[in-house]
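Order as written gives the chain letters A, B and C; numbering starts at 1 within each chain.
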């Protein structure tokens, strides 16, 4: 599959704060790409950089194989987005809002298509009502209809289930799956809820404090056979051993005297044996059972 | 010496008396000329030349009715008519009953030799405190007058005669009069400053205003209603 | 694309109730001033002519015609209209930032320069429509109520009188100049709007700047007269009045179709254009590099 988005060494600094720090990732065509992190992790900043709302301090973004800075208009014509909450004009009706979105997309869209689109999201009978009279769920559906009105190849949804009731969340989830599986659209969906990502995403990127923690296929990341192993030991000696052995290829990170590796759980006894054989006193070896645990351990302060 | 002085005084009194009589005669002749006109209506083009008034040439109608009613009306537009225009009617002076007149000699006005007559009203009720008339003795018309009033200062009047001289009516009058300072308190008008006011500040010291009326189409002795003169 | 955005911006402006507050406010003020002058017009004229009423006959009824009332209305109203302009222009960018819709606009295939210029053009059209509305009410309304006639304008140091047939073009020119002046306010309000994330800030800031400079101008203190006032935009915003100042010939009568010191008006117009250029350049420059965070 082709890469739709390629981000290299993306950095954004706000005065003294690094909101995004040297982030690289790629999104392939047709997949739902989950973007996971706690509030303030840098998800929204990254997404805004993808939409040219924020200028990166450093790094490059390529979308549809083109540099975003140089081909901004061309790229944005093929992107639909909802950022945090649907951006709608409350004093306009649903039909007026979708008309406005259609015109701004730079593509000529027949008027009948606008009505059809509203009907698709169940707003046919309320299209002439002002948006300020809508419930949050209706706004979200209208926002999605507006974001899709110009049939974009790439859809970017930032926290799309925020503020929705359980039924709204389920509707949104189904919509995302349908857009991907039935219409072949590529979606970048950010959330701070791993459970949502587990259901809808094909690939996932977890970030914390602006840095990439892990990126990969969700199934692989969630595979219980494929575990994150946390080793607590004499850090210096243990690292020295790992880096000079075949275990080096599994090394993921070192933080707070904890060394993290990623390999099949069956290899844990062999790993333990080798550590002992090399006179490394092990305090503990712990397997993290699910991505949720991993996510929490990685992202807690 | 005493005799010589008395003789000189006697001669002076006799000469003065004779000359006073002479100028009163002259004034009477001029008044007779004026008395030919009971009333008139005339069209006029009025130019106002007052430092603080910028007005276009106005088409006015001048109404007169004996003995002293005069009114200038701009029927279509706006005109700021000086209140002293009452003085363009010389009947104010010529119609005085109780006055002293002195011969002031001769002087040329616009090339015409005129007799200068100084008039002093003797009644305290008159608004005029003194007047000087420059009379063309040949045509029996006044070419210039300087009238000092008790309330509104001095008015100077220059008259030009041509087509209506038979009735003693001028073709053109130029009235000069004193004006007051004009300056609004700051902030009332909030003007656009185009730099013009800086030059005006100095010129304001010259307080003479002038109004010029060029007459045409006199309609004489056809009757004028009194209502024209009532203030609106 | 520019005209598409412009149409959208105008559509948004005229779909908002607050837009019509301005039109309503103008209608109310104009009608109130007209009524006041209908009842107490003579007193109003006496404010200017009282010191000369001994020397001249003042034709109060004739002075109080539709043209005079229109100038009086404009004199009273144009000081307050910047507030109404700021109400819309000050909200153009920051209002959308506040609503969140700026993110929508910023992520669409339009350049930020196009967006700012379209918003500015929409504000300008709003200003023009506001003035057309004012013209209809103040000029034609006053003519209906008071009739036509020669126009007399009372300045601090002199009276300017124009023939009735020499007046209408002056009103049109004055309205065009007033559009330029109010567009300067719109440009300034938009500049503040680009720097702000809420609607109220730019509106208040714009009104404060106008009030401060107007006070400085009215103080007529030599220190300001030679430093700030010649360059203050509030000085030049009064340029519309310049079209009602006539030139006089050597014989003291006015020249039909003349303007007293026309070059001063040209200079004021150019200074206002300069301000618009400056304010818009700052707005575009800042907005292009602005991170849209809200």
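The rule is short, and it goes like this: contacts are C-beta pairs under 8 Å (C-beta built on N, C-alpha and C of every residue); 3 or more make two chains touch, one makes a residue touch a chain.
Only a predicted model underlies this, so the values are computations on that prediction, with no experimental measurement involved.
A.B. asks: Which of line, ring, star, complete and other names the graph you get from chains that touch?
C.D. replies: Shape = line; chains linked end to end, path left open.
A.B. asks: Of every pair of chains, which is linked by the largest number of C-beta contacts?
C.D. replies: Answer by contact count: the chains B-C.
A.B. asks: Distance-wise, how many Å sit between the C-alpha centres of chain A and chain C, to the nearest whole number?
C.D. replies: 51
A.B. asks: If you average the CA atoms of chain B and of chain C, how many Å lie between those two points?
C.D. replies: Centre-to-centre distance between chain B and chain C: 48 Å.
A.B. asks: Centroid of chain A to centroid of chain B, CA atoms only: how many Å?
C.D. replies: Chain centroid spacing, chain A to chain B, equals 99 Å.
A.B. asks: So which bits of chain C are touching at least two other chains?
C.D. replies: In chain C, no residue touches two or more other chains.
A.B. asks: Could you pull out which chain C residues touch chain A in their complex?
C.D. replies: Residues of chain C touching chain A: 1, 4-5, 7-8, 11-12, 15-17, 99-101, 103-111, 289, 291-293.
A.B. asks: Which stretch or stretches of chain B touch chain C in the complex?
C.D. replies: Counting only chain B, the residues touching chain C are 47-57, 74, 77-84, 152, 177, 179-184, 186-197, 200-201, 204, 209-210, 212, 232.
A.B. asks: Once bound in the complex, which stretches of chain A touch chain C?
C.D. replies: 14, 48, 51-55, 72-74, 76-77, 79, 81, 83-85, 87-92, 96, 100-101, 103-106
A.B. asks: Using the touch definition from the top, list the residues of chain C that touch chain B in their complex.
C.D. replies: Answer in residue numbers: 47-48, 51-52, 54-59, 61-63, 75, 79, 149-150, 152, 154-164, 166, 218, 220, 229, 235, 238-242, 245-248, 251-254, 256, 260-261, 264-265, 268.
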